[in-house]
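Going in written order, the chains are labelled A, B, C, D, E and F, and every chain counts its residues from 1.
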Amino acid sequence: MKTYPYPLLQPPPFRWNTAGDVSEPKVHQWIETLNPRTADETDWSSVDVTLLGVPLSRSSISASAASENPDAIRRAWKSFTPYNLEEDVDLTPLRVVDLGDVPQHVTDIAACHRNIREAMKGMRRHHPHTFPLVIGGDHSITAMLVKGWKEAHPDKRLGILQLDTHFDLRSLEEFGPANGTPIRNLVESGDVRGEDVYNIGLHGFFNARSLKDFADEAGIHYVTLKQARRQGIDTVIRESLDRLSQKVDTIYLTVDMDVLDITQGPGAPAATPGGMRTDELFEAVRLAGTCSKVGSMDLVCLDPARDVSGATVKAGTHVMLSFLTGFMQRRQV
Amino acid sequence: MKTYPYPLLQPPPFRWNTAGDVSEPKVHQWIETLNPRTADETDWSSVDVTLLGVPLSRSSISASAASENPDAIRRAWKSFTPYNLEEDVDLTPLRVVDLGDVPQHVTDIAACHRNIREAMKGMRRHHPHTFPLVIGGDHSITAMLVKGWKEAHPDKRLGILQLDTHFDLRSLEEFGPANGTPIRNLVESGDVRGEDVYNIGLHGFFNARSLKDFADEAGIHYVTLKQARRQGIDTVIRESLDRLSQKVDTIYLTVDMDVLDITQGPGAPAATPGGMRTDELFEAVRLAGTCSKVGSMDLVCLDPARDVSGATVKAGTHVMLSFLTGFMQRRQV
Amino acid sequence: MKTYPYPLLQPPPFRWNTAGDVSEPKVHQWIETLNPRTADETDWSSVDVTLLGVPLSRSSISASAASENPDAIRRAWKSFTPYNLEEDVDLTPLRVVDLGDVPQHVTDIAACHRNIREAMKGMRRHHPHTFPLVIGGDHSITAMLVKGWKEAHPDKRLGILQLDTHFDLRSLEEFGPANGTPIRNLVESGDVRGEDVYNIGLHGFFNARSLKDFADEAGIHYVTLKQARRQGIDTVIRESLDRLSQKVDTIYLTVDMDVLDITQGPGAPAATPGGMRTDELFEAVRLAGTCSKVGSMDLVCLDPARDVSGATVKAGTHVMLSFLTGFMQRRQV
Amino acid sequence: MKTYPYPLLQPPPFRWNTAGDVSEPKVHQWIETLNPRTADETDWSSVDVTLLGVPLSRSSISASAASENPDAIRRAWKSFTPYNLEEDVDLTPLRVVDLGDVPQHVTDIAACHRNIREAMKGMRRHHPHTFPLVIGGDHSITAMLVKGWKEAHPDKRLGILQLDTHFDLRSLEEFGPANGTPIRNLVESGDVRGEDVYNIGLHGFFNARSLKDFADEAGIHYVTLKQARRQGIDTVIRESLDRLSQKVDTIYLTVDMDVLDITQGPGAPAATPGGMRTDELFEAVRLAGTCSKVGSMDLVCLDPARDVSGATVKAGTHVMLSFLTGFMQRRQV
Amino acid sequence: MKTYPYPLLQPPPFRWNTAGDVSEPKVHQWIETLNPRTADETDWSSVDVTLLGVPLSRSSISASAASENPDAIRRAWKSFTPYNLEEDVDLTPLRVVDLGDVPQHVTDIAACHRNIREAMKGMRRHHPHTFPLVIGGDHSITAMLVKGWKEAHPDKRLGILQLDTHFDLRSLEEFGPANGTPIRNLVESGDVRGEDVYNIGLHGFFNARSLKDFADEAGIHYVTLKQARRQGIDTVIRESLDRLSQKVDTIYLTVDMDVLDITQGPGAPAATPGGMRTDELFEAVRLAGTCSKVGSMDLVCLDPARDVSGATVKAGTHVMLSFLTGFMQRRQV
Amino acid sequence: MKTYPYPLLQPPPFRWNTAGDVSEPKVHQWIETLNPRTADETDWSSVDVTLLGVPLSRSSISASAASENPDAIRRAWKSFTPYNLEEDVDLTPLRVVDLGDVPQHVTDIAACHRNIREAMKGMRRHHPHTFPLVIGGDHSITAMLVKGWKEAHPDKRLGILQLDTHFDLRSLEEFGPANGTPIRNLVESGDVRGEDVYNIGLHGFFNARSLKDFADEAGIHYVTLKQARRQGIDTVIRESLDRLSQKVDTIYLTVDMDVLDITQGPGAPAATPGGMRTDELFEAVRLAGTCSKVGSMDLVCLDPARDVSGATVKAGTHVMLSFLTGFMQRRQV
């Protein structure tokens, strides 16, 4: 008998997969919701991807409603088809199950973080063959998700591919496990080695010099946006994935939506002028999807309350689908 | 004696051409309004371009106020000069007459469509040497305008150059003559052959797989945005025009403003992330203007009520002027 | 005894330089405010850059709240670090002093302009070795700032590098010293020779043909955005600076924020579709900063009340910091 | 065996009633969704209120996205408790079932209207003891809902209490069954007598004189907002309900959200300055709920896409809950 | 032969009065535009009201786009009927002619003010029996309009009824003829006696104590909003009109839209919390219209660029129509 | 020698009191900033009111940027004069010192709360004769401020006058010290007796029935908005103050801005339709100011990032000034 491993989750309203019944399916007709009343009858062996919402943003340095993002992304699904025309990839053969949201506490941030760690650990232990795709929330959750992953796989070496405008290496002592400190947290705790972190997209005046010095000392790899454009962002992504693949067992992809230019991602609270374009980001993420070592992904720091024209929520949804396109292509090779 | 052929039209407030009286004329001082009380005295032989508004958007799949676009574009004229600096082309030698709007019914969409078809047929019959430039409205009008054109020229073969994020090949049976079905409508009715449709700009997750299959079966030509950028959008446009020019008598250019990236055209209700930039679109449209086979043009699916900073209405106005720049250059060759 | 030369200035709330006290300084902790009660004790010899706000926009052709820009830029400083990661340049060795705002009259525009001219003249006379960086305000102030500069240095030849969507050559007779006429004003008065003006960024339908004719007759140099992109904006900027450097004693850089595409700079009242991207502008301005002949700079026509997501105010702040990056690099060579 | 009477309906995502499981239930935990897979097992005899969404607004004279209102209201439920503090009324004893949305066609407005009429007729025939509460959509649906009601109860006399800024008596001939004509439609068809219509809330310059003349000739009762405030809106509502109760078998309450002042209901496309305040509307609707003859209700012309701060969607939700408060009080008497 | 007295005016696009041709006329079909090419054939004796736009707001203390208000009001006319339902007053018997806008200079505010003064003087001299209704623009224009009126009628005594949140008594010496000084200007110049100014609507913390002292010394009458509500705003308006009527030959009504609460008139740049409601303002202005001594009116300080939902522009239009309702009622007595 | 008691505070940029130097002072020229470098020389005996910012909102149940409110209120001061015209009260004789902000931790909410408690305790101990006026932040801070007050005055009985749409009695166990639980916290801890809490302004569907039951059992007094309007809000406020004055030593006034109607206070994240008007709130707060027992005040739950037209920030500023008007009047009696 199967056991339902997610007693903690808060399920979204229930939805069947009806994509097969219509000629022009939309994403919300394809992705299933876990039915909490029949969850323990789920055949997990056929599940390819588990999707998890983490509605936490009170750990952000600046005020953020990124906690509202998981639901915003779910609502945006009805504007997308599960078919990538440019790559001629149909996603519907993938079975993606939306597990709902990790429960959060209103005033106990440490408890929120514990729940997040437990949720990732539970997923890895109960059905390790599924791919966990996490929709945040702010960047503080990445440290917790990786720690949960490490608890489930203590002997595995995990590397990080980070698309971000920031190092996220701010002082853990000063800020605690906030959205400015996850990489510092993971490097200082030894969960991830500095040399196993590859950050692509840094630019402008948005990181203190002391953080760059820390990165250099820790051996963190980074390619600024200007450098990446000169070499070709695709080339840089591919090389980073290749190098990581040679060193680590699993690559964790973390996409901070503030890597986007502020006019391309106005809903990312810390987005800045001079950032990445969405078409660059979509292609980078699709490439990451094709790499067989990439074993988990999160998408963070998207605040729907600040969005303009729904552009950033749509971009976030596109990022998730672009990654799954690569994930399909990975299997087709 | 001349006869005024447009009893149906709802004229905008009357305006004289006063561009010659000022040293820095604006577009609204150059384009004339048809004076309804003296319309039958108009010397049509000197008119180069007739401009027609089609304020219909209740045929849109999603709610849209694209019906307010013709007036929004007219109001934006005062922010533009009729002189293209980059091409050193002065538009004022062209005589452009604004005929006003095709009347629409509030609840009888079929009647609206009849009026639109009649308006195009009337223009073609009464002064076939003028160029009809139509400001929509949603994309459903394209099917009607082309059908009107075909009724006036039943023996001519008409091809379509479509700049769009979508195929517009959705099921006519399910949706009727909506903004998602005009190309399907024209292909299924035989008014246009599948092989005479060239669609440029498709991308992302915005067309069901079944529509791509339909396009392939119908022989429709399409180049996705990613492909087009690889080959050069200019090259792709030129080649499409060349091939169409060899096959058809007239090319109809239809510009769905949702081909733009959602951050470049926030006022296009169906614009998406990862779309075209305005500078790419302006150049594509200018090139189309230079092609002597291009015999009519429409601009659709721009909802001013959703616009941000007026950017999309200004982009729509620029598209119209970029096309006329090419139209002037066509004559100068 | 030193004398405080700025009796007219309205100082912002007073702030010490505390950047040295923190590990991750922000720009507002680095730039000092002139303390009005101890101003005459300031050691001007150690000051590298004086920053001046000019809150005037009632001289704009269209309504503009660019008068609110100096304060908006100051408030945005706290979102930026004084460290440019891509260039690995730390700005904190520079001593930048914010002098406050030039006082403006509510209904006497000529008096406003006199104050602005006097302020620049005073800065040049009292401590000519500091670099004046001016935050406007609308473009009418450029004529006054240059005239003030010329009064202080009557024998020096001054050239202008202008990044703009417009010529700013409209009729001085018709408009007076407005934001559409500063270059005309300077050329007609003889303060600057036509051949010493280099304008980069013109595009589209935003300049009357008669203004282009005037520019040609006056010998003004200009490169449209399309041309500049073809040749490489960097190349065009470098060549313009080289040519100007050979002719003039000092180059004045004026950045009209409406050179940006309307979706990249929605807060620039006259921004248009088809304009420059922020990353292009930042690099152009940084290059100007590296040129040792560039002796003053202004940034104009940014209306924070029209901004979207704070994108344009942040872009304006970035322009200022990008320039200072080049300014540091100039010294490092 | 029971039969599921709603083959046409498009169900929202499925939700159980979990209000009993929590100490602070919200409205979305109390209102049940009809589960389409077990719908025919529903015990209709225990259902008090059936809630129906009608996502139609392409029949609006001006462009409107009121079609998005049913879902917007549903999403707003989570911000409301089912407990009215001021009246000390707990709504949870009521069983309210959300049937989902009446299907709409994209281009065949007549088909949409047929579906709406059939839906009301079906509800009345299959379980006439439940109270139908309809969330529109635009005001054109009221004519169809009343016609459906009349088909189910051809021998019953139905009167209308209308809260509106407009008469909705525009020419049926000119506009067809649009949102400006429902009352004209019902009066001209004889479904409702002019004397059985009571309109409260008219004001300002928003009805042509000819419509007032029509109303007078048809014997329609109306009290302008100024008159109503002088006499007390409560008094006017009570008197209207009393008079109607003496004449008719059933009173149909129709609430056009544009009765609100434009600053109180910015999301009502036709709201105007000088209209009703929300507290006045809530009390008026609650009073209507207490009247035992009121047998159905609709709420129309709320366009969430135009809303500001979500104020109008929240006001619409409050209107629905205020009515149900009266409905509970009706039973408690 | 009649002579056209307005060589200076910039006419809006030309429009015929077609209100008689339709059953449900709108305001824009009723108000005529002066046709500049046939203006000298106008029969002025039949004109009741001349409407004048004054697009000046560069004289505002804070940045304002009230210069865009005359056109915004004209565009809003199509949302209003010329029939006041609550008063049962049909406005169409009035002949209202829109003269267009007084030309403004971009940088010479004194010249703008001269033009405004001349325009009023011209209207009074050429057809003194028409009622001048002026749409601003900022409040600085009131001083100029009254001065123009006085030049035409030097022997007449003019009083002012002012609806405003401010005294507008700020120092003429410090600000010049700005929007904060018109009443000070008129009192100090002797054009209007302090005792002939009645200000209703002052409240809160928006006037310096020194201005209240000035008002007291000048004998200006004022009733704060709180006082007015206690006594009944209607009563206060009537009493003010009565007292003024006994003293002066003509009453000039000036409505500063910032008298409205900031949430009722968000487009008035200086609107504040705690202000008047629109229904109070509409009734106050209607009452003023009924007073036979009221001989001119202006409406100022409405910036459409700051408006929310178009609420303030609609309120401004309603103010104008409410006044004309009273004007009709004045004649009916 | 005096000792500076606030080592923790983060001072705003320094500002002198210059109100005496100008004829029309604004609030920002009147309120002093504590100069951190000379703070220990302050003569506290002449200070009437100490103003404290508490930029904490990560303890809000829903996402909120109320942490940005203290600075937003400070920036709004320049739009207000320190003179209440309606009450003829000049505030400048009061000495108000802005102490700056209580430092907050990014992820340790308990530490934030400790700092807040310490700040109030410190103020009460070091200069108990000054009146502490606190600008939040969210409502969680009220529990901490009151606890700090109680630590300084353990033998005094403190009562609360609460203006709020909510009871703030949600489960402390479930939510912790969040913005929904402060009153529950204080009642359960025994810091305040249930009978000493008076809540005015509750309405609608925004409190669960179980909370009303808790309030009844705890003996908390409350008057709903509907009841209060029937009896006169002024009367209710006066009676509550009278009853509290007889029972307690000190009354603590807490103003949750969500007591306002959502259209009057759009920036209060939990504001709802059917709430209080600003004029009602201003008068209620002024009355509280006149009561000699009122010994402290806070203003909470105002999120400037959600504001519309700056209306709520201005209303918050007005609340603070209205209270100080009553505070002056208290002294004048």
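Here, contacts are C-beta pairs under 8 Å (C-beta built on N, C-alpha and C of every residue); 3 or more make two chains touch, one makes a residue touch a chain.
Here is each chain with its UniProt name: A, B, C, D, E, F = Formimidoylglutamase.
On a predicted model such as this, the values are computed, not experimentally measured, just so you know.
Steps needed, at minimum, to get from subunit A (Formimidoylglutamase) to subunit E (Formimidoylglutamase) via touching chains?
2
Shared touching chains for subunit D (Formimidoylglutamase) and subunit E (Formimidoylglutamase)?
Joint contacts, listed by label: B, F.
Pick from D-E, B-D or B-E: which pair repeats the contacts of D-F, with over half of them the same residue pairs?
D-E
Centroid of subunit C (Formimidoylglutamase) to centroid of subunit E (Formimidoylglutamase), CA atoms only: how many Å?
Here the centre of subunit E (Formimidoylglutamase) sits 40 Å away from the centre of subunit C (Formimidoylglutamase).
Taking each chain's centre as its mean C-alpha position, how far apart are subunit C (Formimidoylglutamase) and subunit F (Formimidoylglutamase) in Å?
43
Subunit E (Formimidoylglutamase): which residues touch two or more other chains?
In subunit E (Formimidoylglutamase), 263, 266, 306, 308 touch at least two other chains.
All pairs of touching chains?
Every pair of chains meeting the touch criterion: A-B, A-C, A-D, A-F, B-C, B-D, B-E, C-E, C-F, D-E, D-F, E-F.
List the residues on subunit A (Formimidoylglutamase) that touch subunit D (Formimidoylglutamase) in their complex, please.
The touching residues are 12-16, 33.
Spell out the residues on subunit B (Formimidoylglutamase) that touch subunit A (Formimidoylglutamase) in their complex, using ranges where they run on.
170-171, 202-212, 224-227, 261-263, 266, 271-274, 306, 308
Show me the residue ranges of subunit D (Formimidoylglutamase) that touch subunit F (Formimidoylglutamase) in the complex, using the header's touch definition.
Those in contact with subunit F (Formimidoylglutamase) are residues 23-25, 27, 79-86, 88, 90, 263-264, 266, 278-279, 282, 308-311, 314-315, 318, 321.
Can you tell me which positions in subunit B (Formimidoylglutamase) touch subunit D (Formimidoylglutamase) when the two form their complex?
57-68, 105-109, 140, 175-178, 180, 303, 305-306
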